[in-house]
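Take a look at the structures below.
Look at the two complexes coming up: chain A is in both, with chain B in one and chain C in the other.
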Partner chain A sequence: MDWLLHADTTGEKLVLMVVAVLMFVAVMGLILFATDRIRSLPPWVVGVIFVTPVVLALGFGLVYPAIETIKESFYDRSGAFVGLDNYVAAFTRDEFQVVLRNTAVWVVVVPLASTAIGLLYAVLVDRARFEKFAKTLIFLPMAISLVGASIIWKFVYAYRPVLEGVPAENQPNQIGLLNQMLVWFGLEPQQWLINSPANTYFLIVVMVWIQAGFAMTILAAAIRAIPTDIVEAARLDGLGGTRMFRYITVPSIRPALVVVITTIAMATLKVFDIVRTMTGGNFNTSVVSYEFYRQSFVQRNTGLGAALAVILFVLVIPIVVYNVRQMRRAEEIR
Partner chain B sequence: MSAVSSELTIDDGTPKGSAIDRLDARAAKARRGLGSVGASSIAIVLAILWTIPTFGLLITSIRPQADIQTSGWWTWFSSPSFTSENYHEVLTGSTTNFSTFFVNSFVITIPSVLIPITLALLAAYAFAWIPFKGREILFVAVFALQVVPLQIALIPLLTQYVRWGLNGTFWTVWLSHTIFALPLAIFLLHNFMKDVPRSLVEAARVDGAGHVRIFFTVMLPLLVPAIASFAIFQFLWVWNDLLVALTFAGGSKNVAPLTVRLAELAGTRDDQWHLLSAGAFVAMVVPVIVFLALQRYFVRGLLAGSVKG
Partner chain C sequence: MTSVRRRRVFAAAATGAALALVLTACGGNDDPEPGATGDGDGGDADCAAYEQYGDLSGKTVTVYTSIVSPEDQPHIDSYKPFEECTGATISYEGSKEFEAQLLVRLEAGSAPDIAYIPQPGLLQTIVQDYPDTIVPASEGTSANVDEFFSPSWKTYGSVDGTFYAAPLGANVKSFVWYSPKQFEANGYDIPETWDDLIALSDKIVADHGADGAKPWCAGIGSGDATGWPATDWLEDMVLRTAGGDVYDKWITNDVKFNDPQIATALEKVGEILRNPDYVNGGLGDVSSIAATTFQDGGLPILAEDGKDPLCYMHRQASFYAANWPAGTNVAEDGDVFAFYFPGLDAGTRPVLGGGEFVAAFSDRPEVAAFQAFLASPEWANAKAVSTPNGGWVSANSGLDPKNLVSPIDQLSATILGDTTQEFRFDASDLMPAAVGAGSFWTQMTAWIAEGKSDADVLDAIQASWP
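And then the complex of A and B:
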């Protein structure tokens, strides 16, 4: 039965997958069958049976680990209690100053840029010919993994070293599109991912590239939902074009805008794949979520890693509270 | 997490009768006002900007290695050259071996989609339709758990798995993905489920059906679109995930998914563009197909408030 734990061949893996699914189906089937058979069960017992697996899973997999991590953040790597030292380190050590600054830049720039582009695009292609196709193009990056997206953009930024004292026509060809464009304009190729602090913005481009599609989808739906009579009335008052956008469209979809911005902000806080794939956190590009990964799994500095995870958690909370409030308000309006 | 609304009537723009026609006329007028040419050209520029990076890598993946190293992909149009060697090497080459990882991704993803959906459906049904003590508090607690970043749970969970001797197996990856998916799945499916008309459930009750039977005969058929929405969501999330896979399967070649292998390749051979480009597309092809085929459901899920964070 070794394949149950160590499936090595494709066949074994597929069998293991089928066995696992069948086991799950069998267990659930048995529970449900029994629940249905025993007629005398009061409804609340059925309810408890239905939610028990979920409560156990969440307790084991989220609540308990979260508490452990919070506890862990007060200890150093040798297991000695250090109070708030890990948090102090995370906020004061020089190397982390850059990390915090970068995280702030990410959380501000990504949501605003994605939403602005998404909104612009949604307005432009709304009811245009090929609308569906046009939307799919912007939307497609959402289907790709962040690792894949990072590789796509790393290739755009690819850099071939410029040889000193060699005339321009004998320089090695640039293979990255961005540098080639500089060459076409007669400029010097750049190491986009190495020159700090601009490199952080070139990483941010990847996240904006992915999130703009999300913003566009939600905002396009919100624009559709603006009541016709409002638009009609505004038009009779002589509003059109940009003024219509400014005075009717944007105020009408304000709740959706807020939700989009806060949702992207939360996603951005937690993202570490882009930094890891593109620069490995080097050249002053690290962010809190990547630093968590590095401290926990590379440096084996679990206490500090735990503190960073807790900081991440705390940073998310105000955004969530604001988001939920806005959602409530939006629903009241409806 | 978060929701815009559970407004499911918003669809993806299929015209319906004269109201839409009128809207179209109105929109046409609006566009004329805005300057149709200017608007379209901005839209086209954006669309091209968004597409070119992927397109460039796609071209690169079918060019011979020597060409990739010495000239840009845009020169391919003036001197085209094809090869399938990159894909061949990335899939079967002994150092890359993406075919193994492709199987791993597949084996990881299927149960990680099926299991949380099943559990979440049951729980969502109970939260929506079976009154029991503490139900409200429990539901709010589950809702709130959407906020917890995965990062905070990883290390203690890993410690448990190691203690059980299960670390680096498919089991821990399935279990972890299941757990992390539950809060969002329950929230989303609950949103759909509470909109089912009470009369349908009552009618079934009068006929003497218990909750299990109502769940299967009344709820499930109505919830197929909602299930599809979440399934495609979870599918994309698991297939594209890096963090969970790195933590629980990263060290094991027999479990690690494509994303882990691809990230590794990007880290160790960052100038081997013939492998990176082909590898990226091998990892991308399945989610992109699923996404294009089921886009409607994906959009519907987004609008119903399912954005995993």
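And then the complex of A and C:
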């Protein structure tokens, strides 16, 4: 029966395929049969059957690691209990203060900028002639992975010097789009990713580039959903332009705005890929989610890494709570 | 109701079929293992050296390494004689995340049979943190290492007197890459001392500075390992200004990072790496060193036809040979070659190097046999033969230099074999991870990118020593 595990010939593979299909049908049949049977059981048993796997998965995959991480954050790398030392280090050491500062900048700038750009774009292209095309254009970056986007932008920011007193044909080729533009305008090329603190903002641009599409999509749908009678009534009352935007559009899509801002804020707190790909956390650009990985897995400071993870966890909680409360309020109104 | 149920069954069957197709497609046709069954005694005289390992037919050894494409293929090819003669199968897996992932796998209890560990410091971490996973080197391995390697290589693979990991490959880091053609055209000589090197740098500035060229180019970018080439600079310089004894004490932190002897070495490194007149040829100013990947760091040495190069010298290890574009002639009279990074005077010629070590995480006989094979001259020669493009050497004394085809590998082998030159292993690889894979990298990067002062950099590294 070795061929069952190592099918080599086409014939064996076909037989294996049939066996696999039969097994799948048998299992699915059993499940479907069982779900039919379930109806005759008392409701609480059904409830238990459905809830158990979820509770087990959450307990094992989320609660247990969370408790372990919190516990670990009170120990140093050799396994000795150190109390709050890891947290003290995370808040007082110079390099981590830079990390916390950067995280704060990210979490403030990215949601606001992405949402503002997304909202502006959604309003501008709403019912415009090239609406679909325009929306696709800004939505496309969403389809690119964060690492892919980072590599693209790394090329945009790439730096080659302009040598003084050297004829043009001997100059190194500019391979970065942004610096080439500066050179066309007769300016000096810049090292975008090295010069702190501006480099953090150049990384933020990548995240905004991706998230603006997400914001635009949700907000455009919300704008579409504003009842036309409200818009017409407002227009009859003499509202237009920016005042229409201020007094009708924004209040009507407020729940969607909250969802977009909080979702992007959570994604931003977890940003890791961009920092790792573009600067490796060097040049004062590291953020909590990257520093936690570095400490835990590269430098083997598991306690300090765990402490940073807990800090990240604590930072996310208020956003989640706010998000849940907003959704609950929105449901009450409905 | 019945029709609904029948439809569900069809849906299930269709999904199942699709799933099965995907699975079978993924399975793929396994290439028949060359000589896996009964071929071993096919009159192949070469198999004599492999009889000691016995018949390992049907056994598999998993190997986990940091060596990825394109350097992995020569490794995989070099196992073929072992596979053919013993019947064992070697399953090779390379990962760029090796250093972090190996520990994760050990923690999770899914250790590979064999791992190539590039840092003795990591080996120490494993022995201290996961003593139950690693097994001491097999007897055959130990015997091979005693016979074919110098004692110092054995100590790098030992922790607290127990020998765990046998040396595999080796590299020489005390090299300065240059263009023999350009040196000849300009009448430059290979410098023999540090003062010669500085004098040559000044001469290049005087000759070519007006054309935008600089004597040195460098790059220390390497993802989240950014900064390691700069640590190599400092290590090479500590060996030259303070000597091997201080170097050994520096590794154990008996000589502190902010010790004046280390500060002197860093200051000397700064004479080149932070001198705006000397760097960074074709790549920018001093801070551009931090933004340039180490792979790109030396490329300005090569000039397009009819043009002058923008850079003349690049200090990097022997394995940099693999980074030159295809078609580059790496030879003493070719496009690029390397000279020994000189000491303070012509008499002191210390050598900085590195290498990988083979640790075993299982004591199964086939694993022990494969570990012993990797420490044998048979493997070293098989690897040399399967690496026609160069960029690989070993400190194995059974390695026949004739099998090394590339001139730079021959030069590396000569230097590694020269007992009059004091050899030292890469210090950052021997230091605890918090320094060797942490603050030493990041602080050297800050030293370059932000112009942080020597004293601040050394104090910060010392403060992070666990």
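By definition in this document, the second predicted complex is superposed on the first by the 271 of 334 C-alpha atoms of A that agree within 3 Å, B and C clash if a C-alpha of one lies under 4 Å from a C-alpha of the other, contacts with A are read in each partner's own complex, and residues count from 1 in each chain.
Basically, contacts are C-beta pairs under 8 Å (C-beta built on N, C-alpha and C of every residue); 3 or more make two chains touch, one makes a residue touch a chain.
Everything quoted here is computed from the prediction, not taken from an experiment.
In the superposition on chain A, A:F297 contacts both chain B and chain C.
Contacts of A:L16 after superposition on the shared chain: both chain B and chain C are touched. In the superposition on chain A, A:D8 makes contact with both chain B and chain C. Once the two complexes are laid over each other on the shared chain, residue contacts for A:G280 go to chain B and to chain C alike. Residue contacts after overlaying the shared chain place A:F96 against neither chain B nor chain C. Contacts of A:P53 after superposition: chain B is touched, whereas chain C is not reached.
In the superposition on chain A, A:E164 makes contact with chain C only, not with chain B. The partner that reaches more residues of chain A, of the two candidates chain B and chain C, is B. Contacts of A:M28 after superposition: both chain B and chain C are touched. When the two complexes are superposed on chain A, the residues of chain A that touch both chain B and chain C are 6-8, 13, 16-17, 20-21, 24, 28, 32, 36, 172, 276, 280, 297.
Looking at the complex, you find that chain C touches chain A at residues 5, 8-9, 12-13, 15-17, 19-21, 23-24, 27, 29-30, 99-100, 103-104, 125, 129, 210-212, 221-227, 282-285, 287-288, 290-291, 300, 307-308, 310, 433-434, 437-438, 442, 445-446, 449-450, 466.
The touching residues of chain A, counted against chain C in their complex, run 6-8, 13, 16-18, 20-25, 28-29, 32, 36, 77, 95, 159-161, 163-166, 170-172, 191, 193-194, 196, 276, 280-284, 294, 297-301. Contacts from chain B toward chain A in the complex involve residues 1-5, 7, 10, 12-13, 19, 22-24, 26-28, 30-31, 33-35, 39-40, 42-43, 46-47, 50-54, 56-57, 60, 68-74, 100, 103-104, 107, 110-111, 114-115, 118-120, 122-123, 125-127, 130-133, 135, 138, 142, 145, 147-157, 159-160, 166, 169-171, 174-176, 178-180, 182-183, 186, 210-213, 236, 239-243, 246-247, 254, 259, 262-263, 266-267, 270, 273, 276-277, 279-280, 283-284, 287-288, 290-292, 295, 299, 302-303, 307, 309.
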